[in-house]
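First chain written, first letter: the chains are A, B, C and D, and each begins at residue 1.
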Amino acid sequence: MKTLNVGMIGYGFMGRAHANAFRRVGNFFDLEFQPILKAACPNDLHKEIAIAAAQAGKMILCEKPLSMDGKEGLQMVRAIEKAGVPNMVYYNYRRIPAVTLAKQLIDEGRLGRIFHYRAKFLQDWTISKDLPQGGTGLWRLDAKVAGSGVTGDLLAHCIDTALWLNGPMEKVTAMTETFIKQRKHTLTGKVEAVGIDDASLFLARFANGSLANFEATRYARGHKALYTLEINGENASICWDLHDLHRLQFFDHRDEGRLRGWRSIHVTDSDHPYMSKWWVPGLQIGYEHSFVHQVADFIEGLQSGKPAAPTFRDGLATDYVTDAVLKSAKSGRWVTVQR
Amino acid sequence: MKTLNVGMIGYGFMGRAHANAFRRVGNFFDLEFQPILKAACPNDLHKEIAIAAAQAGKMILCEKPLSMDGKEGLQMVRAIEKAGVPNMVYYNYRRIPAVTLAKQLIDEGRLGRIFHYRAKFLQDWTISKDLPQGGTGLWRLDAKVAGSGVTGDLLAHCIDTALWLNGPMEKVTAMTETFIKQRKHTLTGKVEAVGIDDASLFLARFANGSLANFEATRYARGHKALYTLEINGENASICWDLHDLHRLQFFDHRDEGRLRGWRSIHVTDSDHPYMSKWWVPGLQIGYEHSFVHQVADFIEGLQSGKPAAPTFRDGLATDYVTDAVLKSAKSGRWVTVQR
Amino acid sequence: MKTLNVGMIGYGFMGRAHANAFRRVGNFFDLEFQPILKAACPNDLHKEIAIAAAQAGKMILCEKPLSMDGKEGLQMVRAIEKAGVPNMVYYNYRRIPAVTLAKQLIDEGRLGRIFHYRAKFLQDWTISKDLPQGGTGLWRLDAKVAGSGVTGDLLAHCIDTALWLNGPMEKVTAMTETFIKQRKHTLTGKVEAVGIDDASLFLARFANGSLANFEATRYARGHKALYTLEINGENASICWDLHDLHRLQFFDHRDEGRLRGWRSIHVTDSDHPYMSKWWVPGLQIGYEHSFVHQVADFIEGLQSGKPAAPTFRDGLATDYVTDAVLKSAKSGRWVTVQR
Amino acid sequence: MKTLNVGMIGYGFMGRAHANAFRRVGNFFDLEFQPILKAACPNDLHKEIAIAAAQAGKMILCEKPLSMDGKEGLQMVRAIEKAGVPNMVYYNYRRIPAVTLAKQLIDEGRLGRIFHYRAKFLQDWTISKDLPQGGTGLWRLDAKVAGSGVTGDLLAHCIDTALWLNGPMEKVTAMTETFIKQRKHTLTGKVEAVGIDDASLFLARFANGSLANFEATRYARGHKALYTLEINGENASICWDLHDLHRLQFFDHRDEGRLRGWRSIHVTDSDHPYMSKWWVPGLQIGYEHSFVHQVADFIEGLQSGKPAAPTFRDGLATDYVTDAVLKSAKSGRWVTVQR
């Protein structure tokens, strides 16, 4: 097997998840290459590193969000596309088998006309006033490093999946809030204004005519990392949540009337996406496997010549939505999403 | 509308449930008769009253279990059948719409060959050692009045439903236990031996070749009145529980492979049993409605000449199973069920 | 017991629910009065009837929403308050025991500072293009009779509960949609433009600083009448849904760390609101009981001299929010709620 | 890091799970040794290999069940203990964090006196009559290789956990069944009698006075690998299932009355067993991780000198229970468990 040096932009516990995926992928997927992981960094350095890597002709996998805003992201996309190097952004939830199954059902046309899309990402780990900002494990609270708060950290995940499952978004009206206005900064030792958004909500209209409702917060007591999504179509609906990531809820109106109900699909069979590579039916996989799948798909994309998504360009589309969300939250107006 | 005097043998909060059903039935079902409720009594008087009523030519509805044991029950059945009076036993769970729907699915042959039947009735209200036996609300702890403990009180419900859904039972091996051996008696004021069974479990073989597993207890901390049943057939399975009585869980192996899952059917549509009489889809009914349905079915049985089940004879079949359970628990042997 | 003639403004299956409650209340609650139900009518006649009744000195219970808009509603409130007659609006979900329990927990200060309020009311019964508008059972699709679509029909419920649990709302940004633009009208036989909103979503800020997210639709395939609400406080969170109305989900951060989890409370114990009047623990009640509770509370309010809420004035507060929602949906701007 | 050669007796997809655990353990746990995996084999060769390895002074990890029966198992235990080599049996479910948490709660005395233990292991993969016996992936259907059917394969897991959580068992009454009596044999090509048990149920009494109910089957349509266990104590109850293995259900009677409910604990926090080694709260792990934990514990046992359980002697205790189950199923009598 040939080794493959891959630049990976990411950090902290995410870095561990990536490293784990790089080590494991070859044991479960038949691949020509064994990837070798390279350097890691936080959000505000993505641009410089990515552009330098592209110019050096290196392929690159980037942690999400792609960049601090669409303007930066566009520069990265141009550099990458000019250099022609393989590239991918780590919106790993696309590779949870249950979410991939949802995508298959949508692509097969089972839902019919889409009326509603609903997503939220709820956490509760920053409620304490005593939590400082900045430093190891807490850089996500520091706007200078993180860019935004939950908009870039959590909503970006919801948006990427939504664009993938439901197509482009047209416009948004948003609201953000910083519940705790001041926190001690770990590096300076001083109480400083908090620059990030603690919560971010928006309504949207998709190009396909459906209405959407998005929310992310780190102040939803009782939820650790509850990313949920639901899609309501004319003929069928789909529901999924990260706290039980190995299940997909599916309602099919074409089922016999008396016997219609939400099906709780335990996505662990060999005919479910990716699952033939793992154990036997009934035995669930976890969060980390989405990274193994992503690396496997990236390498298979190299082998087949069909690059795996989301590429940097796909990541840019998400950045454009988060830009619109932050702009709308500031202006109080509906904002059209750049495309 | 003609009035209909009906003798009803029952007691306590159950008496309230019956009275409520008698009052309400006419408002929701089109019936020729308005039933008028008569006298009530505890378990140990069923036989005398029922036989006297039958001899007087009166129709009779009896609380479950039919009698203290099969021997008594047989006398009641003979008296009732000799007199030719309409009769019914209050195994009301047959009339929960979700359970009735389960019966329909079985009768339609959707499950195929049955492999397993599983039922349990779990409560936790008698765990405290300080609870006395006997007296108002506590006669269920007094063996002289109640006959048996959970075997007649709770298991009898599980058995009646099982015989209805899965046919006759052939033999059983059982185990009972009295966890708290002595309790103060409310009437005598003295600490007396507890004669009832606090828990009762048995394994069984049905005539159709399926294996069964039954359990009832009042010592299952965390469960108030959790009657659950599950049937596993070759092609489909069914699951139901009393704590969410308006739902039926249904798994159909003939669903497309990738999309198989347990369906949670919210049994509130007008094409679900009894539900056209109530509200609109999504709005659930409760426990008491099973009694309204039972009275309605009884009266419709009178009108049509096709008596509604369970009759006293059906109730006797359940008594024969509880007799076998108690006998096996004593002897430690498999016991054949009388039929 | 004295009889009590009560004017009741309502219609259709709701009329049946009201009549049922009037008949039953005396059997389960100790009351001095037995209420006797009077006339019924659809939404667009509320004002005239209510004002006439008030002027005639009659007490009045009104179906929700109170009126076609806040302007009309204010006239009704003035007439009622001038006449000094007892009055109430049928936002019956306040009287679901699990919701009343949620109110108790909030009033006891268990949640602490509130960060988020989330409510949605999802149905799927109008998805078919073949469904006509107008006429029996379908007047809700006719804007001339119904006023608005889901905003007044479904969101109004969510708003009333929210104002009760979380205090006044300050401003909203909204979006509505009519998915099926034309439907045959039952009365004229012609295809006519549909004037109602099929879906209505809004973001809001409450006076207490919390952020909110509301949605109602009749195009959410798989949901019959799924009203859900969630409140996230600093110390605890609460979750409830109408499809399993007898349960309350409760998360308490003060529980021991390792053992924290959402508690599924089966609200059927005698120390739960209203439940001492019904059956024994574990035996659930249903939708209709909320109406019995409302009538009981209304009569107890008469007896005690402390009028039961929601009064017409409370109903007006909800009308002001729905006015703001519809106005924002039209203008695309944030709209301040009148108070 | 020192390498450690470990003999491992196991086979098929289980072999892959073991190999995976050996590779990964060093990346997530701080250990002095890196284990190197050796040979694998099916059930009927355990004894010869284990005894040979012990005599050669090698440490050994053995797939469950330990042996074909207690007689064989005792020989293995004697050989291992005589040689004094480290040894362990792969009852991996003890190392699911939620199950380990359950053990902690029991050891802390939170449940009080135990009344009931309930476990079942439900699968549905052998229902088809067309499935042959014997050969790759199907050796579990061949009694000559597998020893017994679900008794040794599935019930053994339930029993090991039960003995660990609830102490020794005294006696059992059991029932087994082979639903499909004949299947083509893959190796001979002929239709041959099926020698394994397809389903196995038993009632039991534990030494601590609690009553138990066990069941395993491969004929429960709709369940892939549903191992569930429940323990009811005087003060608290615990419930767990393998299909959502990252959750523990916990009911604590000492919670405030009005607010008691089953807590759904999402076992993904750093203060949950093993979870500090993995990701962040809310991100679940899967089946395979139980093997990593088991290897880590085994090596930590070597380092500390306190051998990790279950040892071969613990595995023998489970064999004695399965022996009693099979004997009772044959004789129809209660059988005392050898200890």
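Everything that follows uses one rule, which is that a residue touches a chain if its C-beta (ideal position, glycine included) is under 8 Å from a C-beta of that chain, and two chains touch if they have at least 3 such contacts.
Since the model is a prediction, treat every value here as computed from it, not as a measurement.
When the C-beta pairs in contact are tallied for A-B and for B-D, the bigger tally goes to B-D. Of all chains, the one whose Cα centroid sits at the greatest distance from that of chain B is A. Taking the mean of the C-alpha atoms as each chain's centre, chain B and chain D sit 37 Å apart.
Between the Cα centres of chain A and chain B there is a gap of 52 Å. Touching two or more other chains at once are residues 223, 260, 262, 266, 269 of chain A. On the chain B side of its complex with chain A, the touching residues are 101, 105, 248, 250, 252, 255, 257-266, 269, 271-272.
Here chain B touches chain C in the complex through residues 13, 16-17, 20, 23-24, 27, 123, 125, 223-226, 242-247, 266, 268-269, 278-289, going by the rule given at the top. Within the complex formed with chain D, the residues of chain B that make contact are 115-116, 118, 122, 124, 127, 173-175, 177, 179, 199, 201-203, 205, 209, 211, 213, 215, 217, 219-223, 232-237, 251, 253, 260, 262, 332-334.
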